[in-house]
Every structure is written in structure tokens, then in C-alpha cells.
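The following blocks contain the structures, represented as C-alpha cells.
Each of the two complexes below includes chain A, the first together with chain B, the second together with chain C.
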Partner chain A sequence: MDKVFAIAQNTFKEAIRNRVMYVILVFAILFILTGVVVKDLTIAAHGLVIRAIGLWAINVFGLILALLLGIGLVYTELDKKTIYTIVSKPIDRWQFLLGKYLGLLLTLYLIVVVMSAVFLVEIHLLNRQIQDPHFGLAMLMSLKAIFLGCVELAVVVAFALLFSSFSSPVLSGFMTLMVIVAGRLNEDIERFAQKIIAGFEGGGEVAKQGFLAGMAFLRDPATGATIFDQIKFLFAKGTALVFPNFELFNARTLALHFDTVDVNILKMITVSTSDALIYAVPYTASVLLLAMFLFGRRNFR
Partner chain B sequence: MICSSAIRRRGFLSRNFLVGLVLFILCAGFAIHRQALYLANMRPYRPYLTINLIPGTRSNQVIKAAALGYDDFLSVFLWLRSIQDFGGQFRDPFALESQANAFWSITALQPLFTEAYDFGGLVIGDEGGSLNIWGSRVRPVEEQEQGWQFVNSMEEARQRADAMNEQALALFEHGIESDPDHFRHAYNAVYTSVSGLHDPRRAVPYAEVATLRPDCPDWVAGTIPYLQGRSGEHRIAMALWFARLREAISARSDLQIGINMRKIAEDGVNAWNCQTLTAALSLWSGMHGRALPDSLDQLVTDGFLTFDPEDVLASIELWRAAHSTTDPPPDLQTLVVEGFFPADPENPPEPLAFFDYIRFLDDVRRLQETTSQFETIREADLNLEMYLTVQGRIPDCPLNAWYIHSGDAQMLERMQRIGPFSYMVDHRDSRVWDTNRLFEDTARDLVSLRRRLSNYHGSHDQWPETLDELFPEGESAPVERGTGLPFIYDPADGTVHCRTFPALNGEINETMMGPPRPVDEGG
Partner chain C sequence: MDNVIVTQHLSKIYVQDFLTFESGRPRLNLRRETKRREALRDLNLEVRRGEIFGLIGPNGAGKTTAIKILMGIHFPTRGSAKILGRPLGDKWAKAQIGYLPENPYFYDYLTGGEFLDYYGRLYGMGRSQRRAKIPELLERVGLTASVSIPLRGYSKGMLQRIGIAQALLNDPEIVVLDEPQSGLDPIGRKEIRDIILSLREQGKTVFFSSHILQDAEMICDRVGILHLGDLVKIGRLEELLTAQVSEFEIVASGMRAEAIAEVERTSKRTLRRADDVLFIIERRGDADAALAKISACGGTLLSFTPRKETLEDIFLKQVGRGTREVAGASRGEVA
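Up next is the complex of A and B:
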């Protein structure tokens, strides 16, 4: 693991020298600080508005950086030909890739910590004016939202690394973006799949039963489903199952509305941190394993 | 053989590869299994599922999808935008119409945004549904200036205001469904139904929903009988008030007993009497072709009011005297069968229902006398008959007139000021109108009608068959204020007359039309 950490350290040092990152960070901080002004534009829900802007900025700018830095991670090494010196050394490719992943994640988390610190100081200072009675809880909930955002970043970076291990940065960026979109719409895609089944007589019950039951139902000639219905279902359900469900890492609603909405309702719309981790860790691991496999087969000639 | 050697050559049988493959299968399998579990138990509260409740659903679904999980941020952005827009377009009803869309989008994106329902209701309902604001934009077509938006008539203004109030109700219903913790969405719907749409019947279920919310204060339940009474469901209203009175007595709440007693007297008995009386007036005017009888006594004489509530109490006293007891009769039937009250035992008129309540209250009074230690409760406080006392009765006031708003001092003063010809039926909200105002408004309507007739004759060289031809399609000619009867129109010579005020059938001068007033006050 020493080799992995050495590469991670190197990747981190390299990343923090990247000026684009600082420009984006400055933008992000400026955006977070707009809460100071924007709070005067609202007539109610001052705390909510400030938190919404801050949490959005931390999440979006974190994702932008993950995308920008992640897609060029392997390509830069190839472009500068430094990959040859690395692979000629006694270091496995999977170690190289894992080190890159950890280094980038460390960089991103450092940026998130900086943005979060600015955000928390801001809401702490503004609370002197707003006098939010639930301020302490607001801080805690915001921290939970930021933490789950970090888990989401880990998944996104894994995908960026996967795509950059076999394609050009533009293509990697596009594919990672598509994963983000598919992940954000994951539950909608699942509903679409359920709707296909529910559209047939007797499909209401089957719709919730999963992939195999759904396919068996559609293949039954009695239902009258065409091959196109089967393809649509296969595609939608497959996408919903395989692509990550980023809504599971979204605790922003909890952080914004915890003080006005019953906790039971919020529990319904927010997955617990442990559940999110139980899902994210093996998912990220499998994406990284796939990336390692593809990178291991890659010919650098 | 070739295949297996190729597999071996490419390293697919290497230890590292096999370990990686096993790990991948385990990790990916577990992740997909978890994913399938989440999807199978997909959160039912996914906000946009409720979008179907509100109009314009398709665009909201698109916005929801386009938000890509940043629903909260987008809803806050639209919220800020709406506030600025509302401030910038203040009291422009056409701009407020478009604001409705913004609040649907905000609450579709984030149904838990409780402040958006409150403020949206204010913008769409209170402001956008205000007849005052829409009325300020009424201009006849020929007077409309370029570059400004107007409505052509008061009727159109009313329709637009009502439509906005309907939209506010749709927003509140979305709030009721999405946020089951707060009573205020349901109570805002009550407010909009009553004050915006003048439809208390519609407000009742909202009030009932509000009482089911965990944060609902006690006073909200007290509005239900009031709304039932305003809806004409006086029997239900009285039952509810008496139930509350009973609770107040059980709880020995001096304040609540006083409040409920007053409600029973004013909003219960008086309102019921008022409705009975106005219904009789309406029927009478419909059958006689005149707005008002010479006096309210005539309603009784002509059989439109078969019963005077005062008689019930008088009958009770007679019955008590005849039976040498201070107890009330056991029930109404006894009173009727024994001939103390002139009514058909099988089919008593509606106000006779009072009797049972009065008797019940009598029992309550006795209960109070025997069990309660309240020193502050006075006999008069528990005596419904106080509204029938001679004291304060207006001299020469027609029979039963006293029952109209007897608890309303302002109304009493008005009654004294304008005399017996002071009661008209407003079909919309059963308000009592004053004759002077009615006279002036009718004069304005007549002047307007005659001007339109003259214009029509000038351009067509003939008189229209009906007054409705003077108005654009979809609109109808005004009717006589209060009674709702049409003006008398003769298509042979184009003359138009009113039944209520014969003085207006001649020349109408400025004095008759009264001073200028804000457009919506004319009703």
C-alpha cells in the first residue's frame, strides 16, 4: 500500500498546483458568500435560503472539479509520457490507478472542507441577525448533507477514472456527465420502467417485483406486450439497476426543511448515512475494479 | 485449444485477474442488490408524485427532471425571483396571474417548502383574487388605452378574481397533501374560500382537515360551526356549538362558556332567523314582482313566514303556566299537540328546530345552577332569551327585523337611521343591504343601460330584442340589485324600468347616483 500512498501523495501535490482548481474554488466561495446579500431579498425562510445556496455551491463546484480533474487524470500521464517511467517501475497498474483515485479524492475533499468552512462560518455569522432557534441542528444537518455529497464525489471520481482509463478526456467528460445525469434521474427511470409494466392488464402488481419478474411478465404472450415494450423495459430497468442512484446521497432537503417538516416525513425522503455508505463503498469498489481491469489490459504503445 | 491458450496468454487465468474478478462480482453484485432493494422500496414521498394535483403538470414535471436533483436550490431561486417580481409588479393583477405558475413550480420542485404556500396564497389569493385590484382595471372597450391591459366589465373582473382564488386553493391543497404537519395550509384554504370566493360551504372540509393537524390550535375547531352557519347548515352549526358549550361547562371554562353562548345567540339563532327571513323575502318578492313588502309583518300575513321564533318562547311560558311548572315541556311535539304552538306536527317549519336547543339550554342552565360553582356566570349569560328582550328594540321596527343581526350595534344604528325599508337579500352572501346604497347602484345600472340602448339604436336604427344583446357574447345584462329580478324592458320603444324603485323610472340625475366610490364596493 506504500506505493499506492506514494502515488496518491504525488497526485495530490500535482492537483493542488492546478490553477484552474483555484479559480473554481474562488468562484465557489464567492457564490457561497452571496448568501450575505441574497438573504435580504427574501421575506421569510432566511436561513433556508442561505443554506440552499451554500449547499448547492459546495455540491456543484465539487462535482465540476471532480469532472475536470478526474477525466484528465490518466490522460495527462499518457500525454506527458510519464506513464512509461511509472509502468517500468515495480508497481502494478492497479496500484497506480488506486493511488490516482485516492490522491484526487483527497484533493477534492480538501476543497470541500475549505468550501464547507466558509459556508459554516457564514451561516454562523449571519445567524446573529437571523436568530434561527434551530441553528445548531441546521449546522448538523448541513454537515450531513456535505458528508453525503462527499460520498457522491467518491462515486463520480471512480467513474471519471474508469472512463479516462480507456478514452480521451472529452469522451470521458461526456460519459461521466451522462452517468451523473442518469444517476440523478435514477428513480425517474425506475418509475418509467414500472410504468411500462403497469400499462398492461395485471401489470400493476408485477411492476414493483423487479427485473426478472417484469421480463417474464412482458414475455408472456397473454399480456400482448411487443418486443419494443420488452426492449424499453430492459433498457430502463437495466439503467436504473446498474447506474448509481445519486438521490441516495442527497440530504439537502433534510438540511433545509428539518425545522418545519415532521421528522418522519424527512426520514422517508432521506437515506441514512450508514445505508448510503453500505451502497456507495461496494459500488465504488466495483467501478474501480473495472477501471483497473481495463487499465491493466491497455496497451501504451 | 486455441481459445484456451489465448485466454492463458492474455492473463485471464492469472491469480490477480481471478481475485479481481471475484472481488468485482462480489462488489458489483452487492451494490446492484442494494440498488434493487432501494428501488423496490422506492421512497413514496418522492415530491413530484403529487404534482398531478395541480394544473399545468407537464411543465412542472419537466422542470423537476431538469433540476437534476437540485430541486431545493431551484425552488429557492424561483422563490427569490417571485418575491422580487411581486414587489416589482405590485398590484398589477395580470402580472399576478403569471405569478401563480411560479408558485406551482416552486412547490412542485419542493413540496415541503411551507413558506412558499403561505406567500403564494397571499400573492395569488389575497392580491390576485382581490376584486378591488381587478376592479381597478375595468374599462369599457372604447375607453381602453393602448399599452395597458384592462378587463371589459365588472363581471369579467369577478371571474378573473375567482379564477385566481381557485388557483390559490389548488396551491393550498397541494400544501395540505405535501405537508401534513401544519394546519396553516388548510386554514389558509378556509380563509380563501370564505373571503375570496365567498363560499363558506367549501371552507368546511378545509377547516375539518385543519383540526386534524398536530399543530392546530383549539380555536380553529370553533370556526367550523361558524362556517356551517354561514353555509346555511344552521342545524349542524347549532349542534356543534352546543357540543362546545357542553365541553366548556365540563371544563368549567368561564371564557369559553361566554364565547359559545354569544356564538349561539348571534351566529346561531340570529343567523338562522336571518336566513329564514331573507328566504321569505326573496320568495315574496319573486311572487309579487316587487322587491319588498310594505312591512315584514306582511310576510307573516301572506303566509311566507308561518312562524315567529318569539312565539315558541311565549308558548313555552304559556305551557309552563298551564302546567304550573318551571320545567320546560319535554319536547316540541307536546307543545304542538297540546295546542300551545300553531304548527303542523308532522312537518314543522325549519326554525322550530330552535326549540329543542332552547330546551336543552334550559337544562344546561339548571345544570349550572345545581352543579357549578362559577360565580361569574350570570343568569343572563346563559339565557338565550336575552335577544328577545324588549329593551333595545327599535320603535316601529317591523316584526322579526330585530332578529337580523341583533348583536351588531352598527347594524342597529343603521336600521334606526334608514327606517323599515332597510333589508334586502343579497343572494351571494346573504348580506343585509341598505336601501340608499341600493337605490344609487340601481340608478347607475339604469343610466348605463339606457346609454347602451341609445348607442344601439343609433347604430342599428332599431331596439334590441333583449337587453343581453347590448353586451358582448358571454356577458348578460345586469339585473335589479338585491332581488336579482331582470329590469322591465320593452323592445317596442326601448324603455327600461325597475320594479324596486319607481322613482328611477323617470329622469335620473347625478344626485340620485350618489357620490363616486371604489368599483368593488358596489358588489
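Up next is the complex of A and C:
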């Protein structure tokens, strides 16, 4: 296991000795702090604006860094041929990948911690002026949103690693971005797939069921669905199935509006931490295993 | 004497898929046949414990390919190999090996000390073990003063030396070096040569590749000559070299013109400078006759040198004249 940690530590060192990372971090911190200026320009509650900007920035800059650092993660070692000396050492290839994964995740979490610290100090200082009665809860909700954002990062980095282990940085960057977008839109895509089914006679019930049930329904000539409908469904439902659902990790809406919306809406925007973890852990593990499988059999140029 | 590396019918054919990545950019190969390159064909060789084995051949001969297969970087298309009796990829065997790749590049943001510490951990060495070993190795490769300089500040020769240090971290049984001397100045080459020789003194096995024949000739116990993927010759260096004396150099002075003309007829080449004459004669009998002639005509024999075949002579004979650097291009590409 020390071998995995050694690789993780080296990955971490590489990242923190990279100047680009600091530029982005400084930028992120400035962004979080703009809340202080912007809050006076809006009619919304000051605490809300600052939390919205802060949480958004922590999430988005975390993803940007995951993308930037993640896509070259394995590729650089192949390109610079450092992989040659690593592979010849008494370590397994999967240990190498796991080390790279943990190293990058560790780096990102450290960055998130730094950004969050700035954010928490900011809202704390501001609260001395406006005395929000729900401040304690707001703080907790924000922390939950940040934590679930970290879970989301674990999934994104697994994908970046998977793509980076067999393709170039540009291509894997593009594919990782696709995953992020498809992940964010996952629930909309799912709704779209359901609507295709529901549009047909008797489809209302089937729409809530799985992929296979949906396909079987559309292939039944009695429904009058065309091949075009089938393809549309195949793509939409398939995308929703294969790509992760990042809405499960989005507790930001809740962190912003928990004190102002009514109970019914609150139920809708609440996300459960345990649900998110139960979803993320096996999902991440599968993506990592796939990456390890592919990486284990390849020749290095 | 036991064999530490044995390869059997090791072959590698590189196949270019219709989609390849060259320096990060995707490229489509729309030619109908996929391009195949036979880089190594049926390589059978043994490396014995405690020897320095040199794999020599021109660029593109397949040396690096053979080494990459042995190191688990590439998988062979056909054939197999055993290192210390274990199949390729065996972790125990890997723990007994040190490897320096061709034109090594290492993490340039690490200092020399950090780099060795990292690799020590990959070998599974404990902290105290690393603390003891790393200064010793830095001393051995002459980099003690550069321990806290980042590798991006290292010269080519220093990188090569830290690369060797990296390959010796685990006190390996077998040291595999791919072109350890290429790109170095004469001093750098001598330093590497001395390190290789000292490894043999310690009882290590050294397997290295080179396209520079003189380097190999100076230190190898046995050599294998690789050409366009084929092992064309293998054996002990003395056996390959002392198989025959290739020619005799005779220098004499004070010979009369007609005597010179007579010897010149059996001579491959004749050079005259002032009163001295140099004959290069290929056959033993002709050389004896020339010596007799010199004393008979009142000349003085200044020197008589039987010249042995060099590795270069053998190499050129195998590979064909004048193809030392560019031979790789002609074959190797097959449909």
C-alpha cells in the first residue's frame, strides 16, 4: 500500500508545484469574495447572494481544476515516458492508477478546503453585520453542499482518469466535459426519455420503468411507435443510464433556500447524503476498475 | 553458470491501427492495409549470471523493443521470456531488476533526492533503508552535491547518472541499461563504463544495448548482434574477435625500390612516407615472405603488428558495408 501512497504523494507534489494551479486558485478566491461587492447591487437577501456565489465558485472551480489536472494525469507519464521506469518496478499497474487517482483527489480536496475556509470566514464576518437568525443552519447546509461537491469530484476524477489512460489530453478533456454536462442534465434527459414513452397510448405506467421495459413497449407494433422513436428513446434513456446523475450531489439549491421555501418544495430539493454515497461509491469503483482493466493490457508507446 | 535471462522466440510486430495518436493528436490511417512493422523476429538468447552482455545493432535494430518486452512495457506478439526463472511481469523478478530506459526523462519538478526516495518506495524499501542507500548511491554516481537541485536543472550526463542510481536502488541482481552511453561526451561515457565494470565486480549481471561498437568492445563479456529484428550473431567477445587475425601491418625502412615493388604485389595497401614504407598484408604466408624480403634486401624492420578483427569488422560483415546508421529503413516495414 505504501507504493500506492508514494504515487499519490508524487501526483500531489506535481500538482502543487504547478504554477497554473495557483493562478486558478487565486482567481477562485477572488471570485468567492466578489459576493461582498455584488450583494449591495441586488435586492435579494445579502446572505443568500454571498452563499450562492461562494458555493457556485467552489463547485465550478473544483471541476475546472479536476478537468485541467485530470486529463493529463496519466498521459503525461506516458508522454514523458516516466511510465517505463514505473512499470519496471515491482508494482502492479492498477496500483499506479489507484495512486494517481488518490493523489489528484487529495489535491482537489485540499483546494476545496482552502476555498471553503475563505468562504466560511467571509460569511462569518458578514453575519456580524446582518445577524441572520438562521446563520448556524445556513453554515451547516453550505458544508453539506460542499461535501457532496467533493463526492461529485470523486466521480468526475474517475472518469478523467479512465479517459486519460487511453487517449490524449484534448480528447479526454472533451470526454470528461461531456460526462459533466450529461451528469448535470441527467434528470432532464431522463424526463425526456420518459416523455417519449408517455406520449403513446398506455405508456404512462411504462414510462416509470427501466430501459428494457421501455424498449419492449416501443417495439410493440400496437403502440404505433416508429423506428425513429425507438432510436430517440435508446439514446436518451441510454445516456441517462450510463452517465452519472450529478443532481444527486447538488445540495446547493437547498443550502440557499432552506429558510424561505415551504415544506413541499423543501422535500423536492432535499438530497440525501447517504443516497449520494450509495450511488457514488459503486459507480466510482466501476469506472476505476474499467480504467485499470484497459490500462493493464496496453502497450506503452 | 546459470542463465538469468532467457528469451524464446521473442517477436514483436507493431501494428498501427486505423486511428493512432501521435504526440497527442489523433491521426487517421486510411490506407487499406494496416501498417505492420516487424521490429523483433524470433529472438533466442541467454544472459548468464555475472556477465556483461551487450546487445548491439544499428538504430532501429530492435534493441529497445527487446528490452521493453523484458521490462513489461510492451507485450510480445509471440514467444516468451524468463527472468531469474520467472515469467515476464513477475513482481518478485522485477524486484531484482534495475532498469535505465533510453533517453531517460524523470519528473523534473522533483529534486534528485526526492526522486530517488520516491522510486525507493516503489521498490518497497522502508524509510531507514532509503536513508542509508540514497546518499551512498548519490556518492557512487557523483551527484552528492546536486541532491537538492530539481531534475529540470540537470544536464544530460547528470540525468543519465541519476537514472543509473535509480536503477541500483534495490541492489539489483540484474541491471538493464538501454543505450546508457548515447548522447554523452567522452568523460560521461567513461564514467558510465566504470560504473558498469564496478557492477560486474560486485557480481551483478549487466545487460545493455548500444549502437556504439567501441563502447561495447571495451566492456562486454558476450555480445549479441541485432540487425533489422534478427539476432545475427551471439557469442563471447574473444571468440568472435580472436577467430582470426584479419591482417598484418609491417613497417620497414631503407628498402630498395624493386624490393618494395615486389612486396607491394601481395599487399592490400601500401603507404610511403619519406624512407618508411607501411604494408598491410592479409595472408600469413605473404607476411612471412615480406619479412624475409626486407632482411634480404638490407632494409630495417621497424614494426610488425598482427591486427585482430574488431567488433566493427564483424559487425560490418554481418550488416553489410556502410549501413551502420541507416539500415533500419530498408526492411522492417512489411505489408
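Quick note on the criterion: the second predicted complex is superposed on the first by the 296 of 301 C-alpha atoms of A that agree within 3 Å, B and C clash if a C-alpha of one lies under 4 Å from a C-alpha of the other, contacts with A are read in each partner's own complex, and residues count from 1 in each chain.
The definition used in the following text is that a residue touches a chain if its C-beta (ideal position, glycine included) is under 8 Å from a C-beta of that chain, and two chains touch if they have at least 3 such contacts.
Computed from a prediction, not measured in an experiment: that's the story for all the values here.
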Sticking to the clash and touch definitions up top, decide whether chain B and chain C on chain A clash or fit.
-> fit
In the superposed arrangement, does A:E190 touch chain B (first), chain C (second), both or neither?
-> first
What is the contact status of A:L110 with respect to chain B (first) and chain C (second): first, second, both, or neither?
-> neither
Quick one: classify A:N250 as touching chain B (first), chain C (second), both or neither.
-> first
Touched partner set for A:W56, first chain B, second chain C, both or neither | first
In degrees, to the nearest 10, note the angle that opens at the C-alpha centre of chain A toward the centres of chain B and chain C.
-> 160
Could you tell me if A:A285 is touching chain B, chain C, both of them or neither one (first, second, both, neither)?
-> first
First (chain B), second (chain C), both or neither touched by A:T260 | first
Of the two partner chains, chain B (first) and chain C (second), which one does A:L120 touch, if any: first, second, both, or neither?
-> neither
Applying the touch criterion given at the start, work out whether A:L41 contacts chain B, chain C, both or neither, answering first, second, both or neither.
-> first
Report, in whole Å, the shortest distance between any C-alpha atom of chain B and any C-alpha atom of chain C after the two complexes are superposed.
-> 9
Contact residues of chain A, present in both the chain B and the chain C interface | 92, 297
Complex interface listing, chain A residues touching chain B = 38, 41-45, 48-49, 52-53, 55-56, 59-60, 92, 94, 180-181, 184-188, 190-191, 208-211, 240-242, 244-248, 250, 252-253, 256-257, 260-262, 265, 268-269, 271, 278-279, 282-283, 285-286, 289-290, 292-293, 297
The answer for chain C against chain A in the complex is residues 21, 23-26, 68, 71-75, 91-92, 94-95, 97, 99, 101, 103-107, 109-110, 114, 118-119, 121-124, 166
Complex contacts: residues of chain B adjacent to chain A = 10, 16-17, 20, 23-24, 26-28, 30-32, 34-36, 38-40, 42-47, 65, 68-73, 75-76, 79-80, 83-84, 110, 112-115, 118-119, 179-182, 214
Seen from chain A, its contact residues with chain C in the complex are 2-3, 5-7, 9-10, 13-14, 17-18, 75, 79-92, 167-171, 297, 299-300
